[in-house]
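The two complexes that follow have subunit A in common; it is paired with subunit B in the first and with subunit C in the second.
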Partner chain A sequence: MKRAGQVFRKNLNFIIVLICVLLFAFASSVFAADIGNCLLCHKYPGISRVDENGDLKLFYVNEDIFNNSVHAKVNCEGCHTDIKKVPHDPAKKVDCLIECHIMEPSTEKKFSHKDADFFLANSVHSKKEKDGNPKKFAEDMPTCKDCHDNPLYRPLSFFKKVRYGVSEASLGRCRVCHKKDEFIYRFYNHVTTRLHKSRNPLNIAEVCARCHNDPEIVARHNLSTKAVYSYGETFHGKAARFLDERIPDCLDCHVRQGESVHQMMSHEDPLSSTYKDNRSNICTNMDCHPSASPKFATYSVHAEFNKTQSPVQYYFTFFFIVLTGGTLLPLMGIIFLDCIRRLFPHAVIKRRK
Partner chain B sequence: MEKTPAIKIKNGTRYFYRFTVNQRIQHVILAWSVVTLVLTGMPLKFPDTSWAPYLYSLFGGIHAAPVIHKVFGAILLALFVYHIVYLVYVIYKYQVLPLKQKERLTTGKVLKLIANQPLVPNLKDAKDIRDLMKYLLYMTRKRPDGAKYTWKEKFDYWAPFWGMVIIGLSGLVMWNKELATMIFPGELINFSLIAHSDEALLAALFLFIWHWYNAHFSEAVFPMGTAFITGYLPEALMVEEHYEDYVEIMTKAGLADEILPPHGMHAVASEEGGQA
Partner chain C sequence: MKSMLMKVYILGFAALSIFFMIIIWKVTFAHVIEESHDRQEVLEALQADKEKDEAPVKTTFQKIILDSEQTVKHYLGYKVLEEKRIEGHFHHIGIDIGPDKRSYCVNCHGDMPHDQIKDLRAFLNMHAFFVSCQTCHVKLEGKEKTGEFRWYDRRTGVIIPSPVAFEEPGTYKSKIIPFERVNGQLIRIDSDERISFASEFRQSKDTLSEAQSSKAKKIIHKIVSKQPHLCEDCHNSKDPVLPLDKLGYPKERIDSILSTEVVGLIKNYTQFYMPRMLHPGDKSGQEREQNRKKNLKKNKKPLTITKIN
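Up next, the complex of A and B:
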């Protein structure tokens, strides 16, 4: 009986843990931002429509995912401002630059992404030239949604753990002063997500690749490289492919330290981090190669196997290709002949006398 | 009795001594580190392939595999340095010193001695390749009479030799990139990466196709050659690959009467005997 009691107590512990886990799993749904009750319809996975162009559009909103995203606190109407009643007419595309109802706590002004747009307008990705005239192929230049979707929180964990995610142990310390769990979760998530990038290096590179690996766009804008392809040929790019979080991605080199990624400059601009004279500052950054000399930065990060872009490296690689083929093909030929010869060990072609 | 007699008989087969314990240990370290280096290096050369992430995870992924790669790279480089020292020591002690005691040493004599080392390519190799092609193309029944080391083995020796210089140097540059670019321009890292990875691919394919075929997978040796473990090669393979050396050893051992006919000639001899 004693044993049975022990087993039950063991199981009881397990059940309590299970209940706690389930409570945490469902805790997110407590924070729903669905004031307009939009999920009444949009919770159904099949909700969709064929639009005027014949494209199928899905309107399903996964509440759990949305509530773990950085916009979870924004109501649907906060972005979809044209929707006033339910059911509604076809909605307009969301304008990321509107002022939403959230207050920015440091200035107590209504929050907006307008600053990002201002930075972007003064960056290499601007639709206008420096003199104010529209650029050639201005339509290729990215707008908000070309690079961003609604990212999920990606919190770092700090409490003696290396696991990513919300650290329950850290939350315990928040609860000493802050009483509302919703507030604690959101602040923890917000702050720790912002302490690093909300995407890993591979994802960042993939975002840039949408345009910078597109051969047509690369040709149209006279870019010297398919940037993400050539990045992928370096150790940095390869490590990113194996999901290394600590390896530099596009933004680490192309954005000046401490500035917004929207302020990216052309490498011809003396203010740019990638300007010839500034490059060594990137590499010799304390977090990267602090002991490197300025010469280190003359490494061609975006060299391609391309006769016009990097002729010396092209012929150097070509030499090894020829060497490999020239060595292996004859030897493999001998192996092939040897295999056949062993089938007919005594055969010989006799010459007529 | 000598510990390692030139000819050993086991289960009625003659075995011929070819590799010393020292050489065999060197070879095992070489093989072990090369395979590990290939397994930890190739996923990085082909990161987009389907197998790369799995193979890489086997070695601890992007955080651990590069460390393993460097450790085995260092082992291989240490082996290379040891091999050079060993080579110089052996040649000096067993060849140069006796020569010195016998007669006056001149540069010409030493150079001649080096040129006559069994692994140095020579005219006979060219002749053997020609004769092998004749054999493979059914123009003759006779394989070339191989010396102690055939041209295939010389290839097996010198290809990794050159490979280790190229891969080792470029690997050291990439490992100590900050130090290397104190002196050389940053583009040296670009060239090092190309040389390291392309030469490594060549070396891996060369070893895993050519060397493994000749040493293990060829019909004559399959499923595995054992000389790299035991140091001894069976008589049949001696006859097939090293006939010249075989005849010499047999004659020296006073077994000239028991020398087998060259590979392929046995059948011919009996055929002709039958006709007569």
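Up next, the complex of A and C:
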């Protein structure tokens, strides 16, 4: 009996060790990116509350979408640094400028978005004037999350022709040297997403429109146009609405070649791409209208159909609108009445005697 | 026959001419009117700025209800991701579950009704997405207790087969509802009669006296138990309230729900560091226990997390 107990204890130890090993192996394969097992709770869409200020707080993370984002390799604790236990204490807002665990390969320093913040602080979207004093309505100036949600990969395939998506044929070549599919997919997605615009022109215009189409913000900052509205009136804007990827969006004109969106300057700044002397360089870009003359860019790009902002364009357009509407509407009306007559050839409206 | 076809042709042509009239109107005169309205809007905004130096404060209703209803489409080239947009929200949502049109509780208490117990409110709201209020807040006793629970479609309210096998955990467009026994018959607890009573109360509550209103509320909440079901009532392998297998949960999901990971999370730890092995030596447990005691006194309700390991 005693011997049987000893055997059982021996086996029990073995079973416990085996269970631990299996559990660990299972957990690491299922939640490869979710080291903290945060998705045990955060995979549920309903995990949410309304906070004391009446703001909706949604704590759901869609794992599939997250794994197709540029932050897929960053684990939860990389950004939510103060969350140490469950249930969590009230967590701090994520600071996008923290150094995360990823090494920036060219400098071998820890990766951070500090440079983007530095550029932004010296751009037209800075909260401060050049003299260091806070701008009027500084709270209107964008912070990271006003423009960025979690950026998603937009992979391209170049194998035989350029198309969206991942080229399995190309991946086959990667696999010859690289053995981990997770690495291959991430690297492929990262590189090909960065080889073109990471957002569609319409999506970019929509982001800018959140502020630049808001009549209150436009009025507060004395801006000359509801920029995305007037962009939408142009050929470029209309093509963007049809999801044309080749069409220029806001950033193609307002960001200098070789710089980032965070370095955008006011059109009054001589360094800005939209400064009056630099505008022709925008249109004559190699990818756009390389043979255009400098005068090509002198037209009023953001002219709105607006009597106050652009009176000449307004009355010119107004005349053609009235001409078009005034001709075609009665024509359609006559066609309609003619159809009615053909349907009821003998119908008469009785005249009063 | 020929004449008939001709009439259909003319009718179609007349309809087409009306269609073109609408389009021409929209791109011509309606455009002029729209511009005029926009200009007016800017003038009003300028006027408002002059009168008030700061932007008008949005009401809670605007912030929660209207702003959160924005939809955004991300054009990724190989696919389009359409989702609800919550201002300032970083992570993508990617799914739309839609409102619960059957529940008569959410009309007053909202989709995220739990806000008292800070530690647990998000967890409770999470469950409220696929578990009806009555499942936890009504404890059927004696003859009324049936042990019968089924799924209903959030949009139509109709009882449906279990969605568990076909959808990701918690993303079901349906909820669990208990059944009670009335006069020997099984009926769902959110009966049409109860829904219509609550709906009538909501419509006429502005015209009711305080006493009438109080009486109506008491009737509506009559079935609600003083003490709701606690987490461990379901998350235990011995006698869970919900018959998970009957509700269509496959064995591996049941094992997960009743696993050491979940049950242990609730039952065995007061401060459950997760996973513990990755955070050795964290000593903030005492603070957690103090908070728990404070909450107990404040709410006079036992929390679901009761034991210290």
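The rule we apply is simple: the second predicted complex is superposed on the first by the 283 of 353 C-alpha atoms of A that agree within 3 Å, B and C clash if a C-alpha of one lies under 4 Å from a C-alpha of the other, contacts with A are read in each partner's own complex, and residues count from 1 in each chain.
Operating definition for what follows: a residue touches a chain if its C-beta (ideal position, glycine included) is under 8 Å from a C-beta of that chain, and two chains touch if they have at least 3 such contacts.
This is a predicted model, so every value here is computed, not measured.
In the superposition on chain A, A:Gly165 contacts subunit C only, with no contact to subunit B.
Touch criterion met: A:Leu202 reaches subunit C, while subunit B stays clear of it.
After overlaying the two complexes on the shared chain, residue contacts for A:Phe59 are found with subunit C alone; subunit B is out of touch. Of the two partner chains placed around the shared chain by superposition, neither subunit B nor subunit C is touched by A:Ile98. More residues of subunit A are touched by C (comparison of subunit B with subunit C).
When the two complexes are overlaid on their common chain A, residue A:Val124 makes contact with neither subunit B nor subunit C. Residue contacts after overlaying the shared chain place A:Thr324 against subunit B and subunit C alike. In the superposition on chain A, A:Tyr44 contacts subunit C only, with no contact to subunit B.
In the superposition on chain A, A:Asp244 contacts subunit B only, with no contact to subunit C. Once chain A of one complex is fitted onto chain A of the other, the partner contacts of A:His289 are limited to subunit B, with no touch recorded for subunit C.
Once both structures are placed on chain A, subunit A residues 243, 321, 324, 328, 332, 335, 339, 342 are touched by subunit B and, in the other complex, by subunit C. Contacts from subunit B toward subunit A in the complex involve residues 43-44, 47-48, 52-53, 56, 61-63, 132, 135-141, 155, 159, 174, 177-179, 181-182, 184-187, 189-191, 193-195, 198-199, 201-202, 205-206, 209-210, 213, 218-220, 264, 267-268.
Only residues 7, 10-11, 13-14, 17-18, 20-21, 24-25, 27-29, 31-32, 35, 38-39, 41-42, 45-46, 48-49, 55, 60, 63-64, 68, 72-78, 81, 86, 88-95, 97, 110, 112, 114-115, 118-123, 125-130, 168-171, 261-262, 265, 271-275, 278-279, 282, 284, 288 of subunit C touch subunit A when the two sit together in their complex.
Note for the complex: subunit A touches subunit C at residues 35-38, 40-41, 43-50, 54-62, 64-66, 69, 84-87, 90, 94, 145-146, 148-150, 152-156, 164-165, 199-200, 202-203, 206, 215-216, 218-220, 226, 229, 243, 245, 304-308, 318, 321-322, 324-325, 328-329, 332-333, 335-336, 339-340, 342-343. Across the interface of their complex, subunit B is touched by residues 232, 234-235, 238-239, 241-244, 247, 289, 291-293, 295-300, 303, 310, 313, 316-317, 320-321, 323-324, 327-328, 331-332, 334-335, 337-339, 341-342, 344-349 of subunit A.
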